[in-house]
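Take a look at the following structure, please.
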Amino acid sequence: MNISAFKDVASQFPVIFFDSYGVLRNHRGPIPGALETVSVLRASGKHIRILTNNAARSPEAAAARLADYGLRGISSAEVITSGATTRHFLEQKVKGGKVAYLGTPASAEYIIGAGLDAIPISDVDFERLDEIKAVAFLDDEGYDKNVDINLLINILRRCQVPVVVANTDLLYPTTANDVALATGSIARLAEYVLGRKFVKFGKPASQMFQMALDSVAVEMPSVCPADILMVGDTLHTDILGGNTYGVATALVLSGNTRPESAATEIAASGIIPDYVCHSIGK
Amino acid sequence: MNISAFKDVASQFPVIFFDSYGVLRNHRGPIPGALETVSVLRASGKHIRILTNNAARSPEAAAARLADYGLRGISSAEVITSGATTRHFLEQKVKGGKVAYLGTPASAEYIIGAGLDAIPISDVDFERLDEIKAVAFLDDEGYDKNVDINLLINILRRCQVPVVVANTDLLYPTTANDVALATGSIARLAEYVLGRKFVKFGKPASQMFQMALDSVAVEMPSVCPADILMVGDTLHTDILGGNTYGVATALVLSGNTRPESAATEIAASGIIPDYVCHSIGK
Amino acid sequence: MNISAFKDVASQFPVIFFDSYGVLRNHRGPIPGALETVSVLRASGKHIRILTNNAARSPEAAAARLADYGLRGISSAEVITSGATTRHFLEQKVKGGKVAYLGTPASAEYIIGAGLDAIPISDVDFERLDEIKAVAFLDDEGYDKNVDINLLINILRRCQVPVVVANTDLLYPTTANDVALATGSIARLAEYVLGRKFVKFGKPASQMFQMALDSVAVEMPSVCPADILMVGDTLHTDILGGNTYGVATALVLSGNTRPESAATEIAASGIIPDYVCHSIGK
Amino acid sequence: MNISAFKDVASQFPVIFFDSYGVLRNHRGPIPGALETVSVLRASGKHIRILTNNAARSPEAAAARLADYGLRGISSAEVITSGATTRHFLEQKVKGGKVAYLGTPASAEYIIGAGLDAIPISDVDFERLDEIKAVAFLDDEGYDKNVDINLLINILRRCQVPVVVANTDLLYPTTANDVALATGSIARLAEYVLGRKFVKFGKPASQMFQMALDSVAVEMPSVCPADILMVGDTLHTDILGGNTYGVATALVLSGNTRPESAATEIAASGIIPDYVCHSIGK
């Protein structure tokens, strides 16, 4: 497995798409060197977008969070969340009514923003299930996994309504060596025990890539996938999604994929990044 | 879908294997008519065994629990738990050391019974992971799903040790209409996010059937699978397991499989019981 | 399950996306009434696109084939094939060299159109595997399934190169009651035995939807997903893809999904179309 | 990954279970050193059984085949085939009628031996499908994969009958570096496209292990799993099955699992053999 210097890789592309957690920052703060790298890319006129499988907060809040970590100057318009794709879906496909959700109140803003009523799974009235027009997996926090996953399963055994998953990540890094279950894992568990297929947003699905491309096209009308480098720490989302969409892909080893097992994971999965870098700071 | 009277079906077989929860009893007490049915079967000289995907309690405790529900006269020797199969495995394959587990203290008796040290996942010392010789999924209670599943995943990312699942059920009924996640679901989730295969006990695997057959053979030396009826409420465990082992199978609609969706579930799964009955009381 | 008249459904949308096989035509010719329906839609100014999970022929050949069946006046620019998406990917991600493929010579045009050399799997020289820069599943015909699937698996055991699947359909209808394995099934089999993930094109992935939307936008600049009805005969591709992309979906029962099992399949899969119609002719 | 000498491992166990293809012999003949190893084990009084996921020939023919390769003195009573388990199932669960199969005429003997009529898939009369009482996947040869898999799928779309898979292997080695699809792969493909679960025989299921243990018990009444070493070349069948049954397991690198990828496959699968040996000849 060849390790490339990130700066050498980035220099070949006018547009860089970054995953956020594990790439720009982690639980401790910015990835070492990330601030400098982003500054250098900005100074050289690169177009930057952040594609984050996250419905926990709005693009505005996500940009503010990055600023808190020192990554200043990233505007909310440069942040593409999987929550935004989910909101768009709800606007198109659900005509009024209540949407029951697993997540935090902040994540429920994506339901409210679609003009719908958001109701936590724990508040659903089993006597009035006909009011529920959709069910949403938004965030892995904001509910009690001991109780609310069972409630959701019992609701879905009674209701044939669309079910949306705003974040297909299975795991996210919480420390240098540790991970936690992300929303995608909980949704996958529910799909498996129910034998159903939910509608899924976020990488590796291509809509976030298309939304980001459309956004860059405003600044750079000629942009096409060959101009773009997708940088991520997760093979099954960032790299598979980028490969499928047709952009170049760089795997960084500063997050979900650990340096000591990266070669094994690439070989076992068959998801082959175009480049592997230690981090965007190196 | 033809519905048969259970008594007519049972009369054809000298040996009856029952699943417990959803078949003999549920959260409210015995299934209506179950006590009478078991009495009649006893009086007619049938050999009875209870095959329960359960490592939450010992065969003795399981028999006592059935007696509490009015199902008296079932001895612990007639109860085959998936925990007992798990204990047997640990005796054979793990030579001393600590086994980290998800479950209640009662379930941990199956580890202790194998001559090993049982340590709850939440008590594992990450500085001394080399002491952990196996990891066990025993019960869906006794731990905090908000915290301990993540701990287990982080332990298994660091350790290559055998992982055993004492109960492969995905769901169990908690009321007439409701279900809850069983240990098998949590184990399946961990397998999926880790990309690993664990060693699994309980129906549909055939060992509990063989253990039950061996036990009946003491009383009835000529016994063979053609003599046996397996009665269960779950297609993917009781019926698939019985079909695979070569015994006759009867699905009852008093538990996991609901009357209104039974035909759909049989058609969609391709797991075809020889008989379908409302319950063992009818 | 409510059955709607197709004309009533279509009247609500200015843009109609059709799947081809099983919707517009089948092995016998056009679906009864399809020609009239398409004429009526044309006359009323609807924008029409054909989205076909097919890499067996070019958009030109696909349009000519429809004309042969009496569906005249559909231009090649209105036909979006999964082969075209695949060609676009190869252009972006593979820089020269040979692409080994399963499929017919006609399907290989999508490789040649990307400026690459196309070589049938049966002609690959195992002594010069370093020349192979990608592997493509293009069509279910044009090769011997008794021999060539094994060759492909043995090549992929030796090579870490991108693998693309130009058609994710599992089955396609061959007569009123019969189906055949499509390319997606063979690719899924290879993924399973190799434990790898391939890059997949065609519905349910959203790129064909985006390509079709972009194409309509030339004629109707204001078009958005709410304007579009996706009409298909397959839950896991047409309906799941349309639901995920956020357009309205109509399942027709003239192809892969049989009238007698449609309700079962919808319930079991959880893939819920907005409308169900007998066919586009009724 | 520690590599052990096979003789040192085998010396610790009074009973040795061998997989056949890839362990005792391959396409060229006996594995180098296998004859001597078996002779030495015999001379030292070990109990030997051959557990082969194979329904292509009878135990008698399998023993004769081993003798042809120089492995003389193995009696048919020492050979446990997955076909024998399948025959036993058909005897127990199918009461007369025709069983449609994919396989060779030799493999169909397991159906005929169960007192049933065997009919190749290609000879099934679609006008008289009610005569078909079961469908069996017996062997990967004896039929045309271009035609007969489609026939089988179309039969199963019309019939709700038990489906049995006599060999769950996904791949088998054909040369030192090459593999071919085994029956288990074709069955898995059909399960996937149909969304059904078939009844499966052969390792990793535990019945062959139990049948072999019962057979040894005639000669060595005290035998228990702790006395047994299972030797195989495939993680997902031999090693997973042996681990699950509770016997010691040795992976040999002379067949399905290649020396250069063994460590990766063990880590990625989580199926951990107790020992790894180059081959039984070393």
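Here the chain labels run A, B, C and D in written order, and each chain numbers its own residues starting at 1.
Here is the rule we use: a contact is a pair of C-beta atoms (placed from the backbone, for glycine too) under 8 Å apart; a residue touches a chain by one contact, two chains touch by 3 or more.
Going by UniProt, the chains are A, B, C, D = HAD superfamily hydrolase (TIGR01450 family).
Predicted model only: the values in this text are computed from it and were never measured.
**Q** At the interface of chain A with chain D, does the proportion of residue numbers present on both copies reach over half, so same, or stay under half, so different?
**A** The interface of chain A with chain D is built from mostly shared positions.
**Q** How many degrees of rotation bring the Cα atoms of chain C onto the matching Cα atoms of chain D, given to the nearest 5?
**A** It works out to 180 degrees.
**Q** Roughly how far is chain C from chain D, going centre to centre by Cα mean, in whole Å?
**A** Spacing between the chain centres: roughly 38 Å.
**Q** Can you give the whole-Å distance between the Cα centres of chain A and chain D?
**A** 44
**Q** Distance between chain B and chain D based on Cα centroids, please, to the nearest Å.
**A** 27
**Q** Which residues of chain D are in contact with two or more other chains?
**A** 195, 267-268, in rising order.
**Q** For chain A, which residues are in contact with chain B within the complex?
**A** Touch list, chain A to chain B: 144-146, 149-150, 153-154, 157-158, 170-171, 174, 177-181, 185, 188-189, 192-193, 195, 268.
**Q** In the complex formed with chain B, which residues of chain D make contact?
**A** 88-89, 92-93, 160-163, 191, 194-200, 205-207, 210, 225-226, 236, 240, 243-248, 266-272, 274
**Q** Enumerate the contact residues on chain B facing chain C in the complex.
**A** 261, 264-265, 267-268
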